[in-house]
Amino acid sequence: MAENNTLKKSKNRKELWKGISIFLFLLPALLLFVSVLIAPIAVSVYRSLQDWNGFSPGTFIGFSNYKELFTNGSIKFMVGLKNSLIVAFFSVFVQLPLSLLLALLLGRKIKGSRFFLSVFFMPVLISTVVIGQLWLKIYNPDYGLINRALDALNLSAWKHVWVGEVGYALVAVLIPTIWQFVGYHMLLMYAGVKGVSPDLREAAMLDGATNWQVDKYVVIPIIKPIIKVSVIFAVTGSLKTYDLVRIITNGGPFQTTEVPSTLLENMLFLRNRYGMGSTISVMLIILCFAFALLIGAAFKEKED
Amino acid sequence: MKMKRLVSVLLAGVMVLSLVGCGSTEAPAAAEPAPAETTAAEAAPAETADAATGDAITLDMWCIATESDSNRGSYEKAIADMQAAYPNITFNWEAFENESYKTKIKAAVSADELPDIFFTWSCAFLGDFVKAGKVYCLDDEYQNWKDELPEVMLGNTTYDGKHYGVPTTMNIVGLFANMDLLKEVGYDEVPGTYEDFIACCDALKAKGIIPFGCAGKETWCVTEYLESVIEKSVGADELNDIFLGRATWNNEGVGNAVDTFQELVTNGYFDPAGIGLTNDEVKANFMAGKYAFYMNGTWNCADFAADEEFYQKVKVSEFPVIDSSKAKLGQLIGGPSDTLAVAASSPNAEAAAAYAMELGKLICHYGYLDGCGLPAWTPYGDTSQVNGLTQAVADICANADTYVLFGDTAMPADEAQTYLSYVDQVYGCQIDGAGFIEGLANDIR
Amino acid sequence: MADLKTKRKASEDFEEERYTLKKTNPVVKVIVYAFLVFWALINLFPIYFMFTFSLKSNEEIFGKNVIGLPHDWLWDNYSAAMNTGDMKLYFLNSVLVTVSATLIAIIASLMATYALTRIKWKMSGMTNSFFMLGLTIPIQAAIVPLYVLLSNISKNPVFGKAFGINTYASLIIPYAGFTLSMAILISSGFMVKIPYDLDEAARIDGCGLWGTFFKIIVPLMKPALSTIGIYSYLQCWNEFMFANVFISDSVHRTLPVGIKALSGQHTTNWGPIGAALCIATFPTLIVYIFLSKRIQESFIAGAIKG
């Protein structure tokens, strides 16, 4: 009996120690997280229920901002949302497959893989301002590379003011946005690919599998957690796209390329509608979070 | 000497302006006795002796005169003068980039972290801060300066009859013309009547020269054209009433004026590539001789004058009158917008107010000499070195009748953005004049 | 551990051998290389563009000579950029802020990930999702609330000097916070791949939770460290909004704000901006190229039996 009690006691003590350890392990992250991220979310939720210009006392108006967000067409929230979802779609189905392909190719001990890896990653390191300026030069209606090339090919009829015409402007933003971060996802996946034990690869090869089959049946399943990271990052990142839109189209023409982040900033700091701006950010947070959970769940289901 | 006469003329012009206040009550535009001769004599900062003998204090200032801004020189000179005159005041100033400064200053107002003195734009931008009680009232301090700063120049920073801002320079919209290109179609002068002007545009177009350059990616550039067309069609007073919320947008004259502007677009007078260009790009095109005309703020004078080759070709003038039954020459778009203000939260608000006033005067003085804009304060000293373009603008202003401030500065922030988005649609021919006035009348109270 | 290493070494040798087993079709090989080279050219072009951009005048940048080599090599642009404000100081500030924020984010995220993925407890799943909230917050929405918070801290006589407005900490802590969620996401992607047998073995050897963490897990997380480090660098190095609002004295100013100050209200001379961007980018490119061997080795070092 007594022996049993001490065993229980020591087990309890162990449990307690485990609890304390967990808490201590989480403490630095929690402190950072609550002070820097949760506090602003809380403030945004509170402000989203107010009509507030940012400096005068606000008035509580319940959910009117939310209602207005979806009913007032001139706010363009639905346009922004649609655009960011398009970006997210192309990120997941164009950018990530391209990154994965590159990571898999370079993971095969190809000659010069180190050189390629470094070069492919470089656009990520270059400031968005430079990338934006570069693409503006590519799209420029007078001396831009595209229009010049079309002239040279006697296809002048196909020339367009790429960033100024509805229909082309969004594509004009989409291409550099997708392109710039291919290298980042590639590096992330490459780290995963290199983490795959060579034993497994080579066992599969001995069974007569080709390189592609090895990638498909051995490597990809193993790096799935990393692919999940990439997908979540790509989707939440797309919903928050901002930099290149500001530089390349600045939301134009006629606000057809606005994204939630540009609308949000306009509301907060240009239109002095801090309450409505907070509403947009709360909606954005909810959407991003829902997507992150959905993606997590989708990957879990596949694992089972 | 010629300049001195010009200055007096300019001032006489200023006196008869009907500059209108932004606040809900109009500022009484009291005519000041002409001070040109007396104040031209000296700039000595002697009159504010109370600040000079005060205790040692520190004043902070934020502004947008970054190292590459054209106003930088005038700020540096003015501050150097001030620091020499007031050794007891430790003056720290920081400059930030224009666009991001708007975010910064608004965040600072929200967090009550304003510096003692801050740069701001007049009318609605400053008005929101004033309404929230964050800005120190300058009425008392102004009494010391009213001889040098005409009260009409405070119209844009007067709210409920009280003064809150120190104007520095002012700018108007000018019609810049490349005379080399005009000569090619037989014009030695910028056409003075609208019919002539259109004939000139047609001639240019026929010769394969694009008449107008305008950056569609930055809507404020479109408003420089559109607002001038509206003003010269319906008259300054009507436009002012609409901008300041005293009249509805639902005004047929405005609708017709917008249609007139759109005709210019549909007739192909504008560079079709303009919708995808920034102002930097358009301005570079204009200086490279791609466009015959460029309507933009007179702050460009200094840049155009700095390019020796281009300076020989360029002329600035006023947009011609379209409907002479309602509008006339001398009705201009622009006015004092660059402003210094004092934070109500400043522990040394009184000293800061005195400092800001004098600093504003000096910035205005040096800014005018550098050709950065026209003076809101009574000019003094030798102004004969001011570049020819700025002098030409001063001539235009000397005959000014009424100023209407840029629409996006005059209107409250939210409305201004709505207005800009409609202007955007007009330029892109998505809506016509009727759609413009109807949409704005619906979306703005 | 020792036998793990030899085993890995042996398998690496074997991996080399494997490629001799099966010859890749030469046509496929050519296509693959052509694709890689093509993509490499596309990715090298921005660097060439940035460099030539930095040596041109506005006239050349806007139309006359957009992508060619500069007609006049305007090295003056570099001195113009360097002499605007105190670029050297801004550069050092950026380094300090970025490195500190990265270190904090790495330490906090590794510890948290360990607790979330390798210790079994009830709420771990929920806590993990809670941390994922951080991925969702648009930076613009956080500016004013954080600024108000920092402003209140500034008034505190104890913490104000160290953590308030106009301090390095006012950037480092928010940056670390905004990097944290992604850092946790990345490191859990790597940490779940480490076999649980290792933990068991360590426990049998007498290691507690902390011992296992420091002796077993942290050394195996090297590939994650590089990936987090790079992510954090990208987040902090070019960050503009916080740096613009929270820092109002030029002593603590960082590079992006310094570079932005090169544009004027109505006129901008783009050459010096290009030069400043080169100054901001090339050191990191060089460091990256030097480190890339290390970084890539660290990926391989993480190879464990999957």
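Structure notes:
A, B and C label the chains in the order they appear, each numbered from 1.
As a convention for this text, a residue touches a chain if its C-beta (ideal position, glycine included) is under 8 Å from a C-beta of that chain, and two chains touch if they have at least 3 such contacts.
Nothing here was measured: the structure is a model prediction, and the numbers come from that model.
Top-ranked chain pair, ordered by C-beta pairs in contact, is A-C. With centres defined by CA atoms alone, the chain at the far end from chain A is B. Mean C-alpha position of chain B lies 43 Å from that of chain C. For this pair, chain A with chain B, the centres built from the Cα atoms lie 41 Å apart. Averaged C-alpha coordinates give centres for chain A and chain C that are 15 Å from one another.
For chain B, the set of residues touching two or more other chains reads 103, 107, 110, 281, 285.
Under the contact definition stated at the top, the residues of chain A that touch 2 or more other chains are 54, 140, 142, 265, 268-269, 274.
Listed for chain C are residues 63, 143-144, 148, 270, each touching two or more other chains. Touching chain C in their complex are the following residues of chain B: 62, 64, 66-72, 92, 94-98, 100, 103-104, 107-108, 110-113, 115, 280-281, 283-285, 288, 297, 299-300, 303. Residues 58-59, 62-64, 84-85, 143-144, 147-148, 150-151, 165, 240-241, 244-245, 248-250, 257, 260-270, 272 of chain C are the ones that touch chain B when the two sit in their complex. Within the complex formed with chain A, the residues of chain C that make contact are 11-12, 14-16, 18-19, 21-22, 24, 32, 36, 39-40, 42-47, 49-50, 53, 63, 66-67, 104, 107-109, 111-112, 114-116, 119, 121, 127, 129, 131-146, 148-149, 173-174, 176-178, 180-182, 184-186, 188-190, 192-193, 209-210, 213, 223-224, 226-227, 230-231, 234, 238, 256, 259, 270, 273-274, 277, 280-281, 284-285, 288-289, 292-293, 296, 299-300, 302-306.
Taken together, the chain B residues at the contact with chain A in this complex read 102-103, 106-107, 109-110, 128-129, 131-132, 134, 216-218, 272-278, 281, 285, 412-414, 417-418, 421, 424-425, 428, 430, 443.
Looking at the complex, you find that chain A touches chain C at residues 18-19, 21-22, 25-26, 28-30, 32-33, 35-41, 43-44, 54, 102, 105, 109-110, 112, 114-131, 133-134, 137, 140, 142-145, 179, 183-184, 187-188, 190-192, 194-202, 205-206, 210-211, 222, 225-226, 228-229, 232-233, 236, 240, 242, 260-261, 264-265, 268-269, 274, 277-278, 281, 284-289, 292-293, 296.
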